[in-house]
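Okay, so chain A shows up in both of these, paired with chain B first and chain C after.
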Partner chain A sequence: MNNIILDIRGQICPACLLISLKELNNNRESIKKGEASLVVLTDHRDATRTIPNAVTAMGYSVNVEKKDGYYEITIKKER
Partner chain B sequence: MRSRLKKRDRKKVRIGGKSNSRSKGKVRDEKSVKLLYKYIRDKVNQLLEIMGTKPLREEELDEKSIIEFDPIGIIAESFKEILEHLREKNLQLQQARDYLQAVFDAVGVGISIVDKDLRIIKCNERQKELLVRDIKDIEGRHCYEVYCGIDSPPLICPAIETIERNREVFLKEVTKKGRIFQINTSPLRDRNGNITGVIEVSVDITDKKKTEEALYQAEKLAAVGRLAAGIAHELNNPLGNIIGYAKLLLQSGNLGDWEREKLSVIIEQAQKGSDIIRGLLEFSHQRPLELREVNINNSIERVLSSMESLFKIGNIRVKKEFNLIPPVMADEKQIEQVFYNIILNAVQALEGRSEGCIEINTMNLNSSVQVSIKDNGPGIPKEHLSLIFDPFFTTKPPGKGTGLGLSICSEIIKKHGGSIWVESRPGEGAVFNILLPLRMSLD
Partner chain C sequence: MHEAFGYIGGISNSSGLVIFAAGILLGFLLHRSDYCMAGMFRDIFLFKDSPLLRVFLIQVFVTMFLFYLGRASGLLELYPPPNLREASFITLAGGFIFGSGMVLAGGCVMGSLYKMGAGNVGSLFAFTGLIIGSGLYAEVYPLFFNLHKDTIIVKDVLLGQVFSNGEDILFIFLMVLLSLVILGWIKKGRIYQKAYAEGYIQPWVTAVLLSFINLLIYVTSQTPMAISTAYAKLAAYTEKLFVPAHYTNLEFFRRLSYSVYSSKGNLIEGGPGAQIDHIFVVEISLLMGIVFGSFISALSLREFRILKKLPPLAQLISAFAGGLLLGFSSRMAGGCNVKFLMSGLPMLSIQAMVFLLGLVPGSYLGTILFKRFVIGDKVTVTVNSPPTGGKDE
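Let's look at the complex of A and B:
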């Protein structure tokens, strides 16, 4: 599976959410088909709430992982 | 209409431009643009709030990039996807609900959901069939009122026990509206585990109970039968001795009339005892069937001719309606005994009647042969109908019957894989029906 990395470290909300949604919208086809997943790298804690909330409502599955100094939010096709 | 509106709009813009000086117009344009940006920012913030995030800060997206970045477009796209997802989920939910409803209704037990005040929230079709029948609009009514037909909860109520103790309750046997049920109640809980109502499951065990009772009765009878057969065998020898010695005495010449008369009574009574024992032994004896192809019409004819003298004495007319029937796999001797017993019963029922009549009918029914033996005697009282095939049941005066005739018939017919039943109403005679399969199944 193709991982689309979106590094928005340094950005804060609501821009984090908007940028992530824009990227998701641009890659909707491949993500919905399960061919790709979107990996958002952010150091803004609020984004670990707003992004998962929005994308689960859109029918994606999401996983948040804490890395060293940032978070990795992986957005995939719903199982 | 559309062109007229357009014209007016254009006109307005032109009028606005004409009525101001150029510098004034520029200030005004800048103001309008600012207002427009503010409007866009407000709307974006409103949408962001719906998405659960913070409003935009001035430095985050300046006026130029707010247009270029197109946040409204991004959110609109996301909303479109949310709606699609919701629609899909709704459809799935609807399907799941339909499946559940179908299962809920198709399951063979009655299910009812009641709230904590014992008001019915929902119940399935089976529950309605079992306990509701003619009551309409049951939702919202108390379960004890609808299902038990009473005004207040019963003393032992599994639903109340479930609510009070927050646990499942099982009632092994309870009678409601003339039927017997097994009731199981379990708590209905919300997401937090708080009890919000009760799920009541009712299993109708009326037929099962009846079968169990019949089985119990049959086992009891079988035990009595075995015991009686054992005793009967032991009694046969002393009875034989009594009869033998009484006959010896009778043959000796030096007896007075009085003694002779008494000896005859002894022989007669001992003979009756011996007859009862023979009947009992026949009933209890599991003789294997000697099967061969039997023409039932011929069998009945043979029985009838052996009973001719009885019909003559009783002044009984015999009406036969024999249809063409295929041969039946049966034990001829035993089957003839059945016909003999039933016809003899009819003859005895017609005793004293001036126009006694026995009608015998045979017919072919798919893979069986049915024989009906009808008399116009006094009929059988309703309370006796379920007892007449039981051993030792008799309505004849003491000494006249053993009460074994019909139970022997029933035993023989059962061994042939057939069935025997009686239809009768007091005053309207009785019909004994026998159904014999053409071929017995292997088991």
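Let's look at the complex of A and C:
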């Protein structure tokens, strides 16, 4: 499976969510088929609220992990 | 002006320390909850829903309740406080520009502080823009001040003064109404926020504590929480240092924002100029406290991140331009979202309501501008085949 890495660390709000959603839509086909997942790297605390909220509402599964000073949000097709 | 020992501008040095400490707590809470007022308004237009705006209404409600009690018990001596004035069309225009500015800056006057304290470079640009914008206003101050005087909407500062006899009924009605609305949201689970950030503090907790901090500041300083004149003061000190002759010529820096006696006979006075006065002790202490508190919070979570990764140029320009607009418009309106929405609205300040009336369409415009000019194709996307990726610094 492909991991599409989207590194948006250091970016201001509301860029984080908007860019993530845009990227999600660009790769909708492959993510829905389970061929790829979108991995968002962000140091924006609020993105750990807004991104999971938005993508679960869109029917994806989401996992958030804290890394070294930032968060890794993995968006996959629903299990 | 004669001042008692240990007193500056009608406020004691120890009060400044209390406010600095309150600022540290505030900065810590704002960072933990990512309590962003710019986001609250922007998200109405961006996502047709704004969970944090509901949380903000809790803050308005609790502050209204605390100020109401504080006034009734005589704890709040100066009511209306000296840092609120009449509303004019300049307040409305200021609110509109402010609304656009905060969306472009990625944070309001207070939000930019806690984000900067946590190491966000974009907010450092917004902070710089805020100082320069306040300084630019000083150049055109006489024009705008006359426009303000000529377009005053009502002479009263608070709505309660308009309905002098029905003031208590008005407040009780609003508090009952707000509590019913908030209870409804709590029942439907619309207040609790699910977030995965480490050390996350529920925004409603921050909302309630912000109200108490505001009361503490009001009791300590005789003025409710306000912060944006601190930026004008920073501009004043900078100009006094580098262009002293020009600084002395500017009327804006010579005038006082307020000068009133407290019941204890202290002359409470302060202005945007480069002098240590009431505004310096209150607002500069608060400003420094917020930056420091957020810095501590970010550091303790190992999330402090200055210069690790710069945002795209478009975002830096947007943050700086937004800061300029915030600085200029808050001086036009005579305050920012902190004074108006967090302090003025719960007192039913007419100036606060007029500011809000301008701020909402202003954030709509800001959202459109941000989407069009900042969210371009500036993101680099890399596709990795092995499932373990993400270390590309």
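Simple rule for what comes next: the second predicted complex is superposed on the first by the 79 of 79 C-alpha atoms of A that agree within 3 Å, B and C clash if a C-alpha of one lies under 4 Å from a C-alpha of the other, contacts with A are read in each partner's own complex, and residues count from 1 in each chain.
Here is the rule we use: a contact is a pair of C-beta atoms (placed from the backbone, for glycine too) under 8 Å apart; a residue touches a chain by one contact, two chains touch by 3 or more.
What you are looking at is a predicted structure, and each value in this text was computed from that prediction instead of being measured.
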* Structure fact -> Between chain B and chain C, more residues of chain A are touched by C
* Using the superposition on chain A described above, determine whether A:Val39 touches chain B (first), chain C (second), both, or neither. => second
* Asked: Taking the superposition as given, does A:Ile75 touch the first partner, chain B, the second, chain C, both, or neither?
  -> neither
* Which of chain B and chain C A:Leu18 touches, first, second, both or neither -> both
* **First, second, both or neither for A:Ile31, with chain B first and chain C second** => neither
* **Touching partner for A:Ile8 - first (chain B), second (chain C), both, neither** => second
* So, A:Ala57: does it touch chain B (first), chain C (second), both, or neither? -> first
* Asked: Residue overlap on chain A between the chain B contact set and the chain C contact set?
  -> 12-15, 18, 22, 46, 49, 53-54
* chain C contact footprint on chain A (complex, rising order) -> 1-15, 18-19, 22-23, 36, 39, 41, 43-46, 48-49, 52-54, 64, 66-73
* Parts of chain B lying in touch with chain A, wherever the complex brings them together -> 48, 51-56, 60-61, 69, 71, 74-75, 77-78, 81-82, 84-85, 88-89
* Please give the residue numbers of chain A that touch chain B in the complex, ascending. => 12-15, 17-18, 21-22, 24-25, 28, 46, 49-50, 53-54, 57-59
* Which of the residues in chain C end up touching chain A in this complex? -> 31-32, 34, 36, 38-39, 42-43, 46-47, 106-107, 115, 120-123, 193-198, 200, 302-305, 308-312, 315, 318-319, 370-371, 374-375, 379-387, 389-390, 392
